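Should a chain be cited, it is by its letter among A, B and C, assigned in written order, with residues numbered from 1 in that chain.
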Amino acid sequence: MSDISCPAPAQSLLKRGDRTARRHAAEARFRACGLGAILIGLAALAVLLASVLTSGLGAFRQSYIHLPIHLSEAELDQSGTRDTEVMKKVTTIGYGKVIDKALAEAVAQAGIAIDGLTDDDISGIISREAAAQVRDMVLSNPDLIGETIDLSVLANGRIDGYLKGRVTAESAALDSNVSPAQLQLADAMMERGLLSLDFNAAFLTAPDASDQRPEAAGLGVAILGSAYMMLIVLALALPIGVAASIYLEEFAPKNRLTDLIEVNIANLAAVPSIVFGILGLAIFINFAGLPQSAPVVGGLVLTLMTLPTIIIATRASLKAVPPSIREAALGLGASRMQAVFHHVLPLAAPGILTGTILGLAQALGETAPLLLIGMVAFVREYPAAPPEGLFDPASALPVQIYNWTQRADPAFVERASGAIIVLLAFLLVMNAAAILLRRRFERRW
Amino acid sequence: MKDTLTETPATTDTAKIAVRGLQVHYADTHAVRDVDVDIPDKAVTALIGPSGCGKSTFLRCLNRMNDTIPAARVTGEVRIDGEDIHDPRVDPVQLRAKVGMVFQKPNPFPKSIRDNVAYGPKIHGLTRTRAELDEVVEKSLRRAALWDEVKDRLNAPGTGLSGGQQQRLCIARAIATAPEILLMDEPCSALDPIATAQIEELIDELRNRFAVVIVTHSMQQAARVSQRTAFFHLGRMVEYGDTGELFTNPADPRTESYISGRIG
Amino acid sequence: MSAIWTLLTLLILAALGFALGRARALASAGGDIRALHSLPGHYGWATVLFTLVPALSLLALLTMAAPLTPAGTVAVVALALAALAWSLRRIAPDFRARRTVERGVLVLLVLAACVAIATTAGIVLSMLFETQNFFAQYGWRDFFLSTTWAPRFQGNSDLGILPLLWGTLYVSFIALVFAVPVGLFAAIYMAEYASRRFRAIVKPGIEVLAGIPTIVYGLFALITVGPLLRDYFAQPLGVGSSGSSVMTAGLVMGIMLIPFVSSLSDDIIAQVPQSLRDGSLGLGATRSETICQVILPAALPGIVGAVLLAASRAIGETMIVVLGAGAAAKLSLNPFEAMTTITVKIVSQLTGDSDFAAPETLVAFALGLTLFAITLCLNVLALAIVRKYREQYE
């Protein structure tokens, strides 16, 4: 055994060689790459949120025109009976005329004079939705007829865009839907307090509106539809998921069936969501004959999608309960079923609940399967109260967002981004609840 | 403790490693308390003591492995060949090439036997050609008394060897970087008696070239392989001296209780 | 609708049954619980089971066959009442109510667990059935081998999957090229370098990306990333003029996959035993040398599994490509061109008013089945690799 012929003479530890310096430089580069990767991730998150917030916050403010409107009996209730059945004969066109007249008077009274401004231009700055809203208001309270009331009515989407900076004089010149004169009118009305941007509560409560009326579009039906679906998911996925987990974790013998179930759950968790949509379409709608666009179908599809998540979370928290608890119960003469339901399940409950909330959050944001079961349909009617309402057509939050991205008017991009803010706010609340729950009840054995 | 030191005078001139006032804190435990010791070159020094006495922590100070544990705080002085290893100019990477380490559980990398041994020389750039590297691999394996068993399957995975072979592979891996000191942290605790005997024989060989410091929980092993023994108790080094002397004629009552089996 | 009211009626009956069963058991024992075989509650639950199970089965059968008629409702409620009466008559002190109840509950638990199997079966069967209908009208060779996708309303469409498959794979490839290095490096930094505090702050930040719904990513692609890439890369370089492109969808999907790759890799790197790190550091390797030469090779199978799972995610992703990739079926190499994917076409063929006899609609099921088969293979393979990897270090 000769000496190892390494060219490494006894070297002082205090001197660093070139090679060591290079190795440390490589180390620093590598570390910087890691940090860079994390920064890329965080930057992507920041840009994503900033992009959604900047384009979406506008949806929470809306341009309103403030007018004294005389609801003349001659125009709106010729019979004078205040009978709503009779009054329904007056269509939105009739109400439109009343509003137009009020606006023209208000403009004249304010002394606004703009070259080339026609009567049509003036009435054009009001949303076409305004007439319907006034009509609904009068029909629900016929006593208003004959009075002059101060009302805030929706401004046209283009005027709204002008107030938010989306529409400019240059773009208006090229746009057949709005003229530069109308923008001057808007400026003048703003100066005199006839037009202003106010908080848009209707965005959260109003139903969707047609392509030409982005200013009236709201999330009311979508939020209700999503809420119905979450109700169904909670009512089905939680009990089924917990039952399945209890069986697999506490009772299942080691056999083929158990293996098959395990493999199935693991795979279902990774199946593309759109496949669940196909399942819903084929089984629930085409085969079982449930109605399209109904929250019940969406809820069922989302239940099947959420089940693996809930099962995995529930099993983890059942597993975390130490066997000594079960043994203690069994030692007192409890049956296995009693040990599980009286002792293990209550101890695992916080974990199960946390998993369920996270599963619900995942289901709330899911879009693709809902597209296939007809949730994209244009729905303006609120669904009825459950249980019947579960079978009424409705929309869903994420689908409404998708729907709005498909419309031509750029005002709908603002609406879609605003809806995303609402969706993210819901998710934030759910996740925060889950985290709090975990912090509050987490138990280390 | 002072007695111990006067009995075995601190001869800094000949000591390979000189430790003064070494303290180690983990989060809120004081793991090593004020240890002074001189470890000679070309000899085996055994560290014994009940589990949790700080002997492994002490060992990990000698090549600054404790740096890798965020919660550990080391103070005091460790000099190797007179150079303080905590000097800011000292690079732990170079230090660890000079002070090799073998761990409790055999931990071959999931690579071939050859690549396991070649790993150190490669990262430290000790060889220029493939032939040189092969030579280092062969010599290290020979020195670890493993060559004859593995020379025909150098490309087989290191994890496929038996426990004792794995540990000898780890020793070969450590000596391939041409260290001057070898630290061994209970190298036989995971092995059967036959493999243990082989490793002990090997350790006896190794002391011809290296300063070997071995932590062991077995007093018999310490007696068999070491020339010097230090006894640790509750984070303190209670006694340090010639192995024969310490086992036959312990100076401290605590050492005596330990070697007679009353504490531990 | 009447089904729901029937259901509610049954539940009320069941609640009534519980009270009656419990009371009857107590009465039969003369108020002395010790004389009963089981707890009084068990007798109540037994009554509930006997009342509900047959009636619910009948209800399910009836509703599956046709919308529920008033006669059906009456039959279901009558059955429930009869079962309730019968089970009340059976109650006696020596009736082993607990065993009956527990057996019934166990059966329910097993049924719940079998929902997973039923779901998979439902997916496969529904798609197989419709795919068969599709291939009866359209040759499978043309479907799998034709390079044109051109559905026409009048019929006589070209429905080749290849351009869609190409778009799918191209988008997924770009997504992975972006997400795997970033996710892996992030995981390495998190596992090997980051201090506990840094980790506690940053890890949730990255994981937020995983909680964001894909529709949000889709909109991000549509309104931000797409125009950005078009205005600053594609048009100046003269390689494309469309906001929707493979690159847009790929990049955004890559962002979505970062947390997926990083959290899986983080778990896997954390499973590499500490002894290997010590061994390498003890030889004087730097951390990066330890990571590249020891930890990553050791973790490689697990990481491959994670990448396969990410690939399966990317292939099945829908909303990002619907909003970001475009709708034109093309076989092109230019990543700044709009292309389309399998999922986009499933959506477009199945939304709106579909004629379920036309091959243009049925093709969506064949596409779905293909997608399901591809992702299933990837998932099974990935899960097997990851499981084997875990066992190695347990």
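Please note the rule applied: contacts are C-beta pairs under 8 Å (C-beta built on N, C-alpha and C of every residue); 3 or more make two chains touch, one makes a residue touch a chain.
Note that this is a predicted model, so its numbers are computed, not measured.
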Two candidates, A-C and A-B; the one with more touching C-beta pairs is A-C
Chain whose mean Cα position lies farthest from subunit B:
A
Average the C-alpha coordinates of each chain, average all protein C-alpha coordinates together, and give the chain whose average is closest to the overall one.
C
CA centroid of subunit B to CA centroid of subunit C, Å:
53
Subunit A and subunit C: spacing of chain centres that average the CA atoms, whole Å:
20
Determine the centre-to-centre distance between subunit A and subunit B, using the mean Cα coordinates as centres, and give it in whole Å.
62
Specify, in ascending order, the residues of subunit B that touch 2 or more different other chains.
93-95, 98, 123-124
I need the residues of subunit A touching at least two other chains; which ones are they?
23-24
Touching two or more other chains in subunit C are residues 286, 289
So in the complex, which bits of subunit A are touching subunit C?
23-24, 26-27, 30-31, 33-38, 40-42, 44-45, 47-48, 51-52, 55, 239-241, 243-244, 246-248, 251-252, 260-261, 264-268, 270-279, 281-283, 286-289, 304, 307-308, 311, 335, 337, 361, 364-368, 371-372, 374, 376, 387-388, 390-391, 398, 401-402, 405, 413, 416-417, 420, 423-424, 427, 431
List of subunit B residues in touch with subunit A within their complex:
80-81, 83, 85, 87, 89-91, 93-95, 98, 121, 123-128, 132, 135-136, 139-140, 142-143, 175, 178, 180
Subunit C residues within the subunit B interface of the complex:
195-196, 273, 275-286, 289, 293-294, 297-298
How about subunit B: which of its residues touch subunit C in the complex?
63, 65, 68, 70, 92-98, 100-101, 103, 105, 107-111, 119-120, 123-124, 170, 173-174, 177
Provide the residue numbers of subunit A that touch subunit B in the complex, in ascending order.
1-2, 4-8, 10-17, 19-20, 23-24
